[in-house]
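Here the structure comes first, spelled out in C-alpha cells, and everything after it is commentary.
First chain written, first letter: the chains are A, B, C and D, and each begins at residue 1.
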C-alpha cells in the first residue's frame, strides 16, 4: 500500500504537492451529526501558515479551506469529508538549479530514485505544505475530542539551545516561537533572528500534552498508544525523534526511580507519560519530538548534480529559520487523529 | 482493528500469553521458495531467552520452536507460516498478590480497565514473552534480507549510565550486555550486578544499524521509513523513545551543522540516519531506542489494591535487572520486518 | 473502518454526493511514469454519463474531470492522484416529498437510521453519481493493464427479458443498450422505451470478459480473484448477484460436466471462468452480474413517511429506465482496479 | 498483502494445509468477557467434518479443537484467540500421480505457477480442510451475535437438480443433505448416491437467512453489507456465484415488480434481501450461493502432466460427491464473521 493514509476508523488520506493545483484530505469515519464549517478549520490552518511573524517565512499563503463533501446543512453526514486548499501561488519560477542539483538535507535524490522522476517545484509532495491536509483533518478530530473532554496542547519546549524554564499554556500563542515560557521565548527569538540573518537555521524540541485521556486507549501489542503516536509524529518531515514521559532520561534511571508509584488518587509521578503496556493510564499523555533545523539555508554547501558531479549549492528564497512554531498545530492535529482513531477502535472491540 | 498484526505485505500476527499454552506467530506474505527450518529460527530465540548470563533472569525457558504450516519439503510455499513455542512452565503459582494489587510500572490497571478482566499470570499478554513471536518471524525476515545484502545489527549503546566509547560489532555477542565496547561492557556488568543485588534495575540505550539499504524504501507521507521503524520499536513494552541519526541532538544543531553535505561517493556525514523525506538514502539506517528499567523490582513501592486502597508491593521472583541485552534480537527482528515490508511495498508500487 | 476505499496496492478512495459541490477520487499506488491527462479519463466518463440516448436519463451532466495532484509534466509521479468533477447542477429543488417519505427500493431509511441524518438531495452518497470516482480511477487502471496486454470488455448480455444470441464486441458501442448482439439490442430498446413510457423500469444482466490475464493473480484464501471481483461488483448499488464461468448453472452440473479438461494448449472449456483455487488460470476471466431495475419510477407505490404513517409515492424527474448501459463502464473500471491491485500484490509476494 | 486474513474489527487469520501438522486460526478483536470453551466450537466442526453420512466422504477426521491463547478462566480476554486442530492423518501416501499431473477443476497448476512450487499433499492450502479455521472462528462470532438476537441459518436449497419445495428450518439437521425440505432431501440423496456410484459428483445451491438483523450495518460505498458477504462467500473454494434477495431473477423484473413497497410494520416483500444501499434494512438478510460439483471424481478425464504432455487422470480416494451439506456450517460461519465485523465497524463510526 502506498502511504497516503493514516488511521483506521478515523482515517485521513492526503493529497497534493506544494506547487500543484491543490492540497487536501479526505477524512473517512467522521462521527455523523457533528456541526462543521470552514470556520472550525480555518483558525488551525492560520496557525500553520507562513507569514505569521519575524521568524516564519514571509511567503503569503492564504490557505483558504473549502469543504467539498460530507457536510450537509452544517452537519457531518458520516460520509467522507473532503477538505481542499487551492494553491494561489503557482507562478512559474526558475527551477533550473533545483532540477540540476540535489539540495543537502532534502529528499531530492531519494524521491528521484524511488519514483524515477520527481516534482521539483517547491519540493513537491515532500514539502511542508503537505501538512495542510493533516491540520484540516486534525481540526475535526480536535473538535470531536473536545466534546469528550480531551484537549491537546503542543508548544516549543526548546529552540536554538534555549529551554523553557516554566510551562505556561497561556503564553504559547503570545510569542512567535509558540514557547511555553515568555522569557525563554524572547531569548529564542533573538537567537533565531540572528541565525536567519546569517543564512542559517536551527532545530528545537516540541512537547505535547493530552489532557482528559480516558483509560484504555491503545491496541496491544502492535498498535499501542505510544506506537501509534510515534508513527504519526515520525511521519512529519522534520521530526528526528520522539520520547514519552521520562523518555531518554529513563535510560539512566533505576527501576526505583522510574516506576510511578500509585496512590488512591492516581500516580505520584508520570515518568510513563500516561501510558502503561501501550494503553492510556488516565494520566496526561506527554511526549516530546526532536525537530531538525530547516534544510533550506543560504549558506553554501557541498553537493552533487544529477549527473553525479561535485558542486555547491546555496538555497535562496523565503524559508523558515525554524520549524517549531509552525509544526505545533501539526503535532496537535496528528495527536488528535491518533487518539480519536484509537478511541473508535476501542469502541469496536467492546461492541 | 485489534492490534495483533504488524506489516502489510510481510505481515505478522502474534498470539499467546506468558503462562498460557503457547506463544507464536503467523507470518503471511513470505516469499515462496525460501529454505526454512527450525534451525534458522532457534538461534535467534536463544539470544532472546532468559538464563543466558549473570544479568538475565535465571528462569529456564527452552523456547523450542515448531513450524506448523507454510513450509513443505524444507521450503516456504508462499502460504502463511505458523511458528509456535509451547510454554513448558505453566505450573500453578501463588498469584494472590498480583491479583489483588497493581504493580507500579506494569500494565495491570490499564489492562483491567480496557478489557474488564485480565490474565494476571506472568503479566499475560503484556509480558516480554510476547516478543517470542516477533523474533521467530524476524528470523525469516532477516534471512530474506540477507539474501539481498541487507544486514541488521543492534547492540547496547549505554547501560547503567555507562556509554560505549567505541563501536565494535565483533564484541557484541561476547559480553552479557551485548554492548559494542568490551571495556564499557565490563563496567556495565559490575553496575548491573550491584543494582540487582539491591533489588533494583536499570535502563539503557540500544542502537541499531541497517547496512546495505537500497535507496527508495519508505512510503510517504505516512508510512515513511522512520515512521514505520518508530512504530515497530515503540510497540515494544520497554521502549520509551526513539531517535534517528543525530536524533535529539539535531534540536540543538543549526542547518549548516545538520545538513549532510554530498560528495560523488555519498554523504559526508549521516546526521539524517540514512533517511531523507522518509525514504532510505542508501546510507546506513541508524537509530537508537531508550529502554526503561524493568518494573519488576524487589524494592518496596507504594501502590493501591484493586479496591483502590493504598498499600505497598515488592515484586519477588526471577526478573531481569536490565532489558537491553535481551531486547537486542527483538530490535533486529522488528527492524527486519519493517524494512522487508517496505521493500515489498515498493515492489508493488513499481509493478 | 468506514467504507470509502477499495484496493490495497492500487487503492481508490472516493468522495462526494450527487448534489454536493464535487465528486471525485484519490488514487494511491499508481505506478510512476505513466503518461496521464484528462483526455485519458474523459472518454470513460462520457460512456457513464446521462443523456447519451433515448434510454438514458436526459439530464445533462457534463462531468468534466480535473487532475488536482499526482501528475507532473504529463506523467504520474507515484504520489496520490486526485481526480475531481465539480457538480454543475446544484440548483435548489423541491425536496419536500423525498424529505418526508421513504422511496421504495431506495436507501432513504437505511441511511437515515445508520447515520442519524441524511443528505436527501438526489440520494446524496447513495446516488449513481458516486460511480464517477470509480470510472475516473478505472481509466488509470485500464491504461496500466493495457500496457501489460490485459483488456477488459463488459456489455449488456440480457435486458428486459431479451438475451444476446451472439457475442460481438464490435457492436457494443454501436447500440444504446451496449448489448453484444445488434438484433437483440434493437428488441431490448423497443421494450425499454415501452416500459419507460409506462413509468416503469427494467433490469438486466451485464457480462464482463478479461482477456490476457496472466496466471497467478489472486491471494488465497480470502482475497481470491473471484472474491475480490465479487466484492467490487456487489459494492455497486444496482447489483444483486454475480456468477463466474458456468456460475449458477454449475449447481445443476455433475463433476464430469463441470470440470474443464486440459489439453496442451489450455482448457477445453472454461466453466471455471478463468479461476482455479481463487487464482487466475490464464483463461479469460468471465463473470456476469444481475442488475436490478431502477427504483425511481413514476408508478405509484405504497410507502411510509418519516413519521411512520402509510402513504404513497410516485417518483417524478428524469430517471433511467434501465441501468445496464451506463453501468458497463463502471463494471470495466472496477474489474480493472481489482485485477491491477492483485497484480501489484502478487509482485509484492514475490519481492 | 497476502490473503490469509478476513475482517477488520473482528479479524480472522487462518493457516495450515490439508496434510500439514495443524490447521487453525487466530481471531483478533473478540469482545472480552465472553464465556468460551472448546465445547462452544466442537459442535460446529462436527457439522463440517467428513464421515457424517452416506453422502460425505468416509474419511475419519476427528478435528478436535484446542484453544492456545486468548481465553483465561473460561472467558475471552480481548487478546487474540488461537484455535488449532492438529491433523491426525499425516501418513505418507503415494502422491506420484498428483505430483506429475494437473487434476481438472483443481488449483494444481495455478498454485504451481503462482508460487513456483506447491504442497501437493491433499491439495495443501487449496483443500476444503482450510475451512476448519473459518468454522472455529465462526463459532465465536455466532455466539456473540446470538447474544444480540441475531441468528444465522443456512441449508441446501437445491442439489442434483432437486429444489426444496418448502423451507422448514427444523428438518435441516435431520437429513444428510442439510436440505430445508425433507421430501426433497430424500430425492436428493437418491440422486447423489447414484452419481457417487458412477464416480461422478454434483453441485447445488445453498441459501442463508440472517434473522434479527439490526438496521444500519454495512459501510458504503465499498464495504457494503452485500459486498462484504459476497467476498466472504466467493472466498470459499467451491462457490461460483451469489445472489441476494430476488438476485438474478431481478434482471427480468420491472421496477414495479422489484421495489419492495413499505407498510407501517415493514416491507411488503423482500426482493432486496434485507439490504438497501448496501446497508441492512431490518428485514431478513437472504442470499444464495452456487456450489460447484466436487472436482475429485473417479471418471477418467483429459489433462496434461507437469511437462505439458497430454494424458488422462482419474482421481481415486475417499471424496465427497457433493459439497453442499458440509459447506452449510462454513457459510453460516463466514456470514457471522462478516456481520459481526460490520457491527463493530458501525460502533466505531458512531463512537
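Please note the rule applied: a residue touches a chain if its C-beta (ideal position, glycine included) is under 8 Å from a C-beta of that chain, and two chains touch if they have at least 3 such contacts.
Computed from a predicted structure; not experimentally measured.
Participant: Steps needed, at minimum, to get from chain A to chain C via touching chains?
Facilitator: Between chain A and chain C, the shortest chain-hopping route counts 1.
Participant: Write down the chain pair in A-D, B-D or A-C that repeats the interface of B-C; the criterion is over half of the contact pairs matching by residue number.
Facilitator: Copy of the B-C interface among the listed pairs: A-D.
Participant: Farthest from chain A in C-alpha centre terms, which chain would that be?
Facilitator: D
Participant: How big is the gap, in whole Å, between where the Cα atoms of chain B centre and where those of chain D centre?
Facilitator: Once rounded, the distance between the two centres reads 39 Å.
Participant: Measure off the straight-line distance from the CA centroid of chain A to the CA centroid of chain B, and report it in whole Å.
Facilitator: 26
Participant: Could you state the distance in Å from the CA-based centre of chain A to that of chain D?
Facilitator: That pair's centroid distance is 46 Å.
Participant: Of all the residues in chain A, which ones touch at least 2 other chains?
Facilitator: 1-2, 4-5, 8-9, 14, 29, 32, 78-79, 114, 125, 220, 345-346, 348-349
Participant: Show me the residue ranges of chain C that touch chain A in the complex, using the header's touch definition.
Facilitator: 1-2, 4-5, 8-9, 11, 13-17, 20-24, 26, 28-29, 32-33, 66-70, 72, 75, 77-82, 84, 114-119, 121, 124-125
Participant: Note which residues of chain C are touching chain B in the complex, please.
Facilitator: 1, 8-9, 29, 31-32, 78-79, 220, 343-351
Participant: Quick one: in the complex, what on chain D touches chain C?
Facilitator: Touch residues, chain D against chain C: 1-6, 8, 14, 102, 104-107, 109-111, 113-114, 125-126, 130, 158, 161, 195, 200-205, 215-216, 218-224, 226-235, 237, 239-264, 267-268, 272-273, 276-281, 290-297, 299, 301-304, 308-310, 345-346, 348-349.
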